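So the structure is just underneath, and the comments pick up after that.
Order of writing sets the chain letters: A, B and C. Residues in each chain are counted from 1.
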Amino acid sequence: MLTLEGVSKHFGGLTAVREVSLQVRAGDLLGIIGPNGAGKTTLFNVIAGYYRPEAGRVVLEGRNVTGLPPHAISRLGLTRTFQIVKPFGNLSVLENVMIGALSPLPSTRQARAEAERVIAVCGLGLHAHARARALPLALRKRLEVARALATHPRLLLLDEVMAGLNPTELVGMVDLVRRLHADGLTIIVIEHIMAAMMRLAQRIVVLHHGEKIAEGTPQEIASDRRVVDAYLGEDFSLAEA
Amino acid sequence: MRWLAPGRAAAALLFAGAAVVPLLSRDSFFLDSVILILLWGSLSAAWNVAGGYAGQVSLGHAAFFGIGAYAAALASARYEQSPWLGLAVGVLLSIVAGALIGYLSNRLKGPYFALSTIAFAEVLKIVASRWRGFTAGSEGIPVPYRPGFWTLGLDHVAWLYLALTLALVCYGLQVYLEKSRVGYRLAGVREDEDAAEALGIATRRLKVAAVMLSAALTAVGGSLWAQYVGFVDPAHVFSIDLSIRFALNSIIGGMGTALGPFLGSVLITMLETYLRATFSGMKAGFSGIYLIIYGTVLILVVRFAPEGVTGLADRVWRRRGAARAEAA
Amino acid sequence: MDPARRLGPAEIDVFAQLAVSTLLLGGIYALIAVGLTLIFGIMRVVNFAHGEYLMLGMYLAFWAFSLLALDPYVVLPASLVIFFVVGLLTYALVMRGVIHASHNVQIFTTVGLSIALQNVALVLWTGDFRVIRPWHSSVVIRLGGTAFNLSQVVAFAVAVALTIGLLLFMRRTHTGRVMRATAQDRDAATLMGIDTDRVYRLTFAIGIACVGAAGALVAPLYATYPQAGLQFVLIAYVVVVLGGLGDMAGALLGSLIVAAVEVAGSYVFGAAWKEVLYFVLFIGVLVFRPAGLFGQRGAETLGA
């Protein structure tokens, strides 16, 4: 469904992503992990069209989408969320999600109905009329997911939707992602916290200093020497969260 | 975007009130005030399309106003054509100018966008003042009065209904921007462009389109204003003061609301009239004191009521609604 | 506005004269712009009322000259102090409340301030053009085929001295470093125990003191009237955007570029069209290099 071929992205002299290739098949739930500054979000920005890579190609369902603007890529069925949440702060939760739903749907009436459905799925029903900026972080993360979901993506990119959540909220979010996947959505998840990913993803790609250093099932990754080394420099361990 | 039902009612009251004014009074001073309220309100609503709904806060809308004003004035004074023809030309030119400004300033945010629009209006002001052979330079152009609808030589009552028509068009357009698909998407662009892009919204194109629409409406207002007042000169029609005035009405009334610009226009025009009456005895004083207060009001409003009068009313309304819900 | 032509005798060497005029004009623009860019760099506020403080500075020099017969250059030190205090007051009364507000709120706050100050001047002193001619404005200095008057030279020298003094202050003193740290990262500065409110207050006061002093320097060269600030502040924006908003060394270079465009433009196209030139330059820079000629891309979205 999505193929990356040798994608590289530099900022000045700094290489944020170096020759990363990977494949996502329909129905996958792929995790991308790596320590801070490993280039995870940069990779998302390249995939979703926010950055143009210096080298390599991004191919979505057989179509080269490298260099297309984000909105065009979104219309092709790939929608992302943002690590630093970007709610439409002055609008209500319902309006936020409606704007997402208006991409596939022509009328505000249909979009409202669809938004209400998605809001219920994401467990935001009680907050539909709250101003987005007034929500606590956990709900704003859910709003990110709901809004993206309303565009009816075939491939969903979730950028650290679990970071900053407390254990209860985390369980809720993991459960939501699982349900979406079970309903047939293809999902790529970026996460900093390895433990959450171990429980969630079918397959994991590890980035370190912008390079892909490992790929495999959670079990394979957990026992991969290089991955452990990459994480040792940090305060994170498999036991966290 | 929120203060819907009571806002609509207030607007209906405002426009209906304006429509019946000629039945009650033929006092030309009074009619003139109403005409100007409607005209400034419409111009501010035009600004609001870009500034309030699309988040493209311009301080150079006088550029479009001036283009409209000059097009109409030149059509009737220089070419002895109908000012309506000039208006059409002005609108087209403004759309082109709006596309240019919108496209060139597309990536600019906040103060950068405001600065670039100021620079645009300044360039046009200088061109209009220096291109003597065509625009008559800084002396300006007196617009001849030729009675008739086609020549826009109208009496006050006809002007009032013309201004009311423009106001209703602008108001209706804003309501459309609140209710429609494109309006919601525009709100997304205003609130967060990156997020809007992620949802499949072509943010750049939408922003440019909003500026073009806003420019076109502003040019219509400029053309009508030139014919109504009967005189255009570059120092006024392209001035920053004018651009600020468009913005100010919307800010005081409530940016991004359909009623806001008109409410702001009513309040500012009333303030102006009141101060004119109070300070008219002073030498050189009136416009100065009026503008000192105007500037101070602007500072206070953005500080303490950044959502304007409609925003304040909305808050009160909701608090009362909540209290009633609790009581029940 | 047009030093090259005002002096005009045919025997002066055109290019040398243009170069000198550029330099003299650039120095004055630098002093106006440096306060603007300082305030933007540290507070992330574009001060649309900056020109009005210049205008008030010009009036101060005008009244000191015509009432007390004080030379503008004698008034200069007092200007610095007075406008420093004016800056403190403005900060406390107006700016402090909007420092963390949205762009729109900040834009319209300073726009409102600009309108109010302009019209305070109009009410107090009418709209008449006021001109002062101290002795040094009629002393012509001729040097190697160029000619300029003493006022221009002094204005230039003082402007450059003040600008460099400010640069040194920012680089060498503890307070200056604290201010730059705050500019780099507001939140980190707060975490490190920097009193950001104090930094902003000081920044605003210094910026206003600079432009107030600039007012005293330009008073012998240009007419004083309530809207006098507008023409300069528009130039100052061009300078600041060229140099990169917030970049003080860039502002120096930007001043020279704008002065060169102005001087050369009025020589080639006539004084009437030179403003068009620098606005076109301005729009060009905003559109193609919004972070300034030398700045990094992406800075235009800072603080958004």
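In this text, a contact is a pair of C-beta atoms (placed from the backbone, for glycine too) under 8 Å apart; a residue touches a chain by one contact, two chains touch by 3 or more.
Computed from a prediction, not measured in an experiment: that's the story for all the values here.
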So, comparing C-alpha centroids, which chain is the farthest one from subunit B? A
Which of the chain pairs holds the record for C-beta pairs in contact? B-C
I'd like the Å distance between the centres of subunit A and subunit B, where a centre is the mean of that chain's Cα atoms. 42
Counting in whole Å, what is the centre-to-centre distance of subunit B and subunit C, each centre being its mean C-alpha position? 32
The distance between the C-alpha centres of subunit A and subunit C, rounded to whole Å, is 47
Mind pulling the subunit A residues that touch 2 or more other chains? none
So, in the complex, the side of subunit B touching subunit C is made of residues 57, 59, 104-105, 107-112, 114-116, 118-120, 122-123, 126-127, 130, 240-241, 244, 247-248, 251, 255, 284-285, 287-292, 294-299, 302-303, 306
For subunit A, which residues are in contact with subunit B within the complex? 48-50, 69-72, 74-75, 79-82, 86-91, 95, 98-100, 102-103, 106-108, 111, 147-148, 150-151
So, in the complex, the side of subunit B touching subunit A is made of residues 1, 179-181, 184-185, 187-188, 191-192, 194-203
Can you tell me which positions in subunit C touch subunit B when the two form their complex? 46, 94, 97-98, 101-109, 111-120, 122-123, 126-127, 230, 234, 237-238, 241, 272-273, 275-276, 279-280, 282-283, 286-287, 290, 300-301, 303-304
